[in-house]
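First the structure, then my questions, so here it is.
By written order: A, B, C and D. Residues from 1 in each chain.
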Amino acid sequence: MQEFTKFPTKTGRRSLSRSISQSSTDSYSSAASYTDSSDDEVSPREKQQTNSKGSSNFCVKNIKQAEFGRREIEIAEQDMSALISLRKRAQGEKPLAGAKIVGCTHITAQTAVLIETLCALGAQCRWSACNIYSTQNEVAAALAEAGVAVFAWKGESEDDFWWCIDRCVNMDGWQANMILDDGGDLTHWVYKKYPNVFKKIRGIVEESVTGVHRLYQLSKAGKLCVPAMNVNDSVTKQKFDNLYCCRESILDGLKRTTDVMFGGKQVVVCGYGEVGKGCCAALKALGAIVYITEIDPICALQACMDGFRVVKLNEVIRQVDVVITCTGNKNVVTREHLDRMKNSCIVCNMGHSNTEIDVTSLRTPELTWERVRSQVDHVIWPDGKRVVLLAEGRLLNLSCSTVPTFVLSITATTQALALIELYNAPEGRYKQDVYLLPKKMGETSPRESRILKEIFFKITFIFFLFLSS
Amino acid sequence: MQEFTKFPTKTGRRSLSRSISQSSTDSYSSAASYTDSSDDEVSPREKQQTNSKGSSNFCVKNIKQAEFGRREIEIAEQDMSALISLRKRAQGEKPLAGAKIVGCTHITAQTAVLIETLCALGAQCRWSACNIYSTQNEVAAALAEAGVAVFAWKGESEDDFWWCIDRCVNMDGWQANMILDDGGDLTHWVYKKYPNVFKKIRGIVEESVTGVHRLYQLSKAGKLCVPAMNVNDSVTKQKFDNLYCCRESILDGLKRTTDVMFGGKQVVVCGYGEVGKGCCAALKALGAIVYITEIDPICALQACMDGFRVVKLNEVIRQVDVVITCTGNKNVVTREHLDRMKNSCIVCNMGHSNTEIDVTSLRTPELTWERVRSQVDHVIWPDGKRVVLLAEGRLLNLSCSTVPTFVLSITATTQALALIELYNAPEGRYKQDVYLLPKKMGETSPRESRILKEIFFKITFIFFLFLSS
Amino acid sequence: MQEFTKFPTKTGRRSLSRSISQSSTDSYSSAASYTDSSDDEVSPREKQQTNSKGSSNFCVKNIKQAEFGRREIEIAEQDMSALISLRKRAQGEKPLAGAKIVGCTHITAQTAVLIETLCALGAQCRWSACNIYSTQNEVAAALAEAGVAVFAWKGESEDDFWWCIDRCVNMDGWQANMILDDGGDLTHWVYKKYPNVFKKIRGIVEESVTGVHRLYQLSKAGKLCVPAMNVNDSVTKQKFDNLYCCRESILDGLKRTTDVMFGGKQVVVCGYGEVGKGCCAALKALGAIVYITEIDPICALQACMDGFRVVKLNEVIRQVDVVITCTGNKNVVTREHLDRMKNSCIVCNMGHSNTEIDVTSLRTPELTWERVRSQVDHVIWPDGKRVVLLAEGRLLNLSCSTVPTFVLSITATTQALALIELYNAPEGRYKQDVYLLPKKMGETSPRESRILKEIFFKITFIFFLFLSS
Amino acid sequence: MQEFTKFPTKTGRRSLSRSISQSSTDSYSSAASYTDSSDDEVSPREKQQTNSKGSSNFCVKNIKQAEFGRREIEIAEQDMSALISLRKRAQGEKPLAGAKIVGCTHITAQTAVLIETLCALGAQCRWSACNIYSTQNEVAAALAEAGVAVFAWKGESEDDFWWCIDRCVNMDGWQANMILDDGGDLTHWVYKKYPNVFKKIRGIVEESVTGVHRLYQLSKAGKLCVPAMNVNDSVTKQKFDNLYCCRESILDGLKRTTDVMFGGKQVVVCGYGEVGKGCCAALKALGAIVYITEIDPICALQACMDGFRVVKLNEVIRQVDVVITCTGNKNVVTREHLDRMKNSCIVCNMGHSNTEIDVTSLRTPELTWERVRSQVDHVIWPDGKRVVLLAEGRLLNLSCSTVPTFVLSITATTQALALIELYNAPEGRYKQDVYLLPKKMGETSPRESRILKEIFFKITFIFFLFLSS
């Protein structure tokens, strides 16, 4: 198992931190994390908690927050009709009866709706968090109260992180036969620690770019021993995570952090891909004057045809009120740009990584940093000029806004249907490979693809029914 | 002083509550009220606090929050360029030197920028809150720390409310010569308790509909003994408070309370005045399908020409995801409508008063109310249907979203210029009357109007410079 | 009758040309003037024509074009539902039975629908053209064939113009009792030549700015001897003629003359009043990058809030592809601006008069004019640079696009209702004054206004029914 | 050459009409065809014409129209900067020196700019029309006057069509070495009649779907004996021909034919592909209320997210004012739908073929057809209801509007660059195959694709320079 040498050992933090999926330590904030006063310093691992039915088969921050978490889940259900509809339709036939799913995802109200749907369809679930910051403690409490074996809290250490995963997988008298993963850490852990578990596993459903990448590497190396479903690249997810979702979250993220008025503001958006298109459409509609920087000529042409001025960043950097990066490249906004911005310019990142803004260049003695709100820093130049940096250059939409429940609902429904399909697939339908949901109708021809298309159709049909109702 | 019989007496709470201006007890939330843990039960009136310079000439919740409040004020300054620009321009000549201003407004970061601008221009200020809920305690603390005599905290009782106002007006060795009011309560109190103060008052600047209405009544009754400036009806304020401001706050208010995705949602907006136009433009731009109800044929025609289907509420009530009222009328959304809404329909009010949705009709035994978040109630029908009611039918934009600083900046700048004008006006320029800033260029002809137009020009010129810079 | 000295005498062309209403000689093109081959040089006045029923009580270009004109009228009827609806509703009661209406308007398919509606309601009509260029000959022929006494053709001389009007008014055994005018020339002619006719006239309905201005002058001088209705200033007309109509005609006018693609073009619009707002909204929506010049600070603020950059013309003149004027001022675009435009820049005027572009400055020897299409001139600089001048700087929407039938329908319906009201009003309801349809609901209080409001309501109600159907 | 048995023989019209490319007999109107009075009945083939230099090496309708045609070409040049820029850049090096290009395309002002650019780059050109209706006679005259051997006129018979092509190919002492084709008829003719010509041909550049299809068939059958470049599927062409172009032409086509006002109209658009997206965006922006029908769930979801109601056609057919098809399917609008439309409903087709509206079903005795304008028919039901059918169900954008010059400029530039590349390619760079310009950056890897990518980059770079200048 040579390919796993990069994976963590107990001996050292360094190797561990290299193995943990990149996304698992990204900062992540949810607007709903109301209950997280840090007054309680005791580690959940040392607490003795039981839910109202006497079970202590979980580990969460505070089981007493369950009632509040339940309300959050109920709010989420309001905008997840597709999943609720799936729950109702399939509830009679219990398509997941006998399924033992071990999961590792963000623990939020929306995931809770997914988990409870899986349970309603007959599955048993054990769950941990795929990110050490993103757990909504009250939701975890509500799940625990409802009987789900959940092991997660906000602010886990890396040791806690692997301990929680281990608690999900390693239980006497219970062996998982399905994996739902987001980032690949759970899959990795099973490969590393409990390879025999894969004998019973019918399939892996993976959502993230990182996790899918790992699966393809395994497959290439001939080490993938079960079929896996790549949910990340489904059309629905792609369109929603980028264009439609960013169209809303750019406004939400800017408003919650800065209360800025959009009307009349001059904004430069770096990059006119799907994310950039979403950001620009929203800002233009709300009365901002938007400039684009773009190096791909096709995207630049589209920006022109959509009515935006395509410029070089240097041309407008002195006059703009807001700078937004969504290129996927590094150091798009440099120290030189930052030096030339006008007072009170807002700078934030909607792109793929946290490297688009050269934040490091701002950590120099002559500049003063002032944290004015959560996720909002004023970086102050010697002459008094302030630049307003959001989320320290990390993703604005993850850090400072909520992702609309409806969008998460689409991914969650896709995950549920992928699990149902893999679990019920007759022997031989899927090989030990990574399966891609078809990107476009009619794009693929083989038999498997036909089946995947059916799943895909089911999903979109549900949305379609829902949306046009 | 017969016209004041409706005003409060010390004898009874009931008469008092009738005299207090309607807006002073409206619920009001600011996104920035981070520090309001209710752990501190001691009334500020009973506390002994001093700022770092040893002064205790103030009464706030907790002077220790000053530093946090200062940051909020600094954030606000970033988007109040017009006022900061005024501060810089007029700082040399100190046009308010000798002015003793007693003020009664919302105590927010934006007001703080106004107050500190007035001080920078030479004025002395004593300040109280015009609303018992709206004070940002940390901002009040920052003002107190900076030496402003501020008497306000969030959650005042009505007795506190009048006590604070009284502390502003009634101080040995200090007598106000200018009044800045929002709602008319301060003006009323001076009329009632300290009529002699008016001998020195050079003028009143009033911002609110309610307060302006009171002033006109006084004027009509021949009891207005100083000139007053009606800031409420200036063009800038009207356009911004309605069209442009609501265009942003409808999105912000819905997002912060419900995290709803706008794309694909069916929304009915009741009323297509300026507020409705703003709401509809924003929602349409973000991909919602918007229907309008409207009884005024001209507004209905405009809605048609702007691409909205004009319907009767009953036609669409079963299918919509969101209902928004902005008519200014009563009971636009009745119990019958609420009964017919689909599960998870969101209902909220952007209109003038809190009477547009017949909330009272929902307080019946067969319906269960569940408070799921601050300002968010699920009202649950016997069959399990939930309607999501925001802010209990009160104004969404006051209760659940922040008003953009830029908009408040416009009003604040207008107030500052009006104070400067009234304070410096030569004897006889203004009579004991209510002066209206001209609604439209060239609409008025008399001499006073020319002067007002100058003020007006100054304001708009400042904005203009700012915006086109 | 001193105020009429400015009016024409037979003796001199010069005095005549001064008296004729400004608009009557404006160039005017309709997209539907297909039949106007200039092959026929005989003046209609010298022709002997009869319609199929043997009548020769008309004077048109060519009665044989009637069938084609009938089709144009039928097309127009398709988008004039409000008028057709009025026709159907009132047909039973014949509210214009006995009315003898003499009219002077543009003779187009839309006017024909109005005239035939008036006839259907019981009126007898005699009609001439208010503009020497605007008559659609085929429509005039269709009217003549249908029995209407119409005297109009495209390309009348000024002598023809007055001759036609005279033929309408001056007929043995027939005396008008109602006047429908557009520009005031007919009214003037009756005042001057047949003052006795006014003894029988029950009222004048006037549509144009010019004509209304003349009526107010008469009224001021105490010479107005019948009630008159000012249709020009009704809200419906104002909103439609400006905002909504220009939003469409700017695109239509540019496309028909230049086939220019809007997407990606840089456009500067001078003036952000209602016309400017309409132009900008349309161009922005089609992907143009739009700049605004504006001197009124309120309008400039609106432009900012609507997402347009407010600039000085000089800042952008070198880079823009299209320049559009809608200020109402003179010489907004000067020779200096024209000198600095880039090759192939398109220049046109949507404003009030034909003076916004300093076209005169282009008539100098060093510049070559090349007429490349009807209404399209290339003005060529010595270095080969071409500026594309549309309609020689006259109104683009009158010269180069059609006014949507629906918009004309609104004015026509208003005219019809105003005629019905004046004709049926009981003695004393209207005095010898100019009556204004209320601009805004509830704006006026007197009794007459209540009645006008009823008319107004009827109109808007009809539209409302129509639009929301 | 068996695969050509389907191609025309001189013996029969029937086989001929089957072989002619479908598009060559599509009706096609250009707004600029001002000069086509049908007064001249003599066939151009029987006329003796010479240009001002004494050459008679052409065959056009009327050489005297040359001056007018020259102006049309000059207008077109104004919006074809990319091509003009190419002309200037490459003029020095004459990259087409020695090229003998035989071409068969629409003969319009825009093609003339292309042809004259090719000549400026050193080529000799002989040209015929690819469509019997689309030739702008005045442009053909201008080309002939300028010395181009052009054989084309509006209204050719099918015999004329092949005669013109033959005259281009078959000339003593001149043999083509490049082919530029649109529809494949020229290529077919050469294959059939002059197969030896291919020995000298360096390549074919083909623009149309039909022609490309034919080339792939030849390639598959191993009969393609020269390299061919598929210009049709380049990204730039696809995006522009669909989304951006239709966004403008739907407005233009409806306006020129019906003068309909868009504001407030209810429109149903069948199909939400790129064409549908363009139509909907434009109509929504101009104030229409737009409904979508769509069977592809992804497109339906996009429509929802873009704010359109997705409906079944039957749900809205009674209420809509305009029906637009852009599905690419057959009989989307059936007789049953047509029966249910309301009076004056406008029906038109923007889709791929002329089969989307079941026009045949309207040719029944009980319905009356009335041609009211060119391309506009009223179909009249027995009860008097009229449906307004545009272009008899053929493509609205080809029949009733002009394609923006800028769009055509993009295709023309691509064609020019493809010709340059094929003509100058070193031996062996291209095989006897059809080459596709890369659809997306980085999508292809082989060597040829790299070269094509370079071409592609050149094109987009030119646009980019142009657009962001």
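The rule is simple: a contact is a pair of C-beta atoms (placed from the backbone, for glycine too) under 8 Å apart; a residue touches a chain by one contact, two chains touch by 3 or more.
What you are looking at is a predicted structure, and each value in this text was computed from that prediction instead of being measured.
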item: Farthest chain (mean CA position) relative to chain D; value: B
item: Between the pairs C-D and A-C, the one where more C-beta pairs touch; value: C-D
item: Averaged-CA centre spacing for the pair chain D and chain A, given as whole angstrom; value: 46
item: Averaged-CA centre spacing for the pair chain D and chain C, given as whole angstrom; value: 38
item: Intercentroid distance (Cα basis), chain C paired with chain A, Å; value: 60
item: Per-residue multi-chain contacts in chain D, two or more chains; value: 244, 263-264, 286-287, 301, 304-305, 309, 467
item: Chain A residues touching chain C - in the complex, by the definition given at the top; value: 263-264, 266, 284, 286-290, 301, 304-309
item: Residues of chain B defined as touching chain A within the complex; value: 31-32, 34, 71-72, 74-75, 77-79, 81, 244, 247-248, 251-252, 255-256, 258-264, 281-282, 285-287, 319, 343-344, 370, 372-373, 376, 378, 386, 388, 401-402, 404-407, 467, 469
item: Chain B-facing residues of chain C, complex; value: 235-236, 239, 243-244, 296-298, 300-302, 304-305, 309-311, 440-441, 457, 460-461, 463-464, 467-468
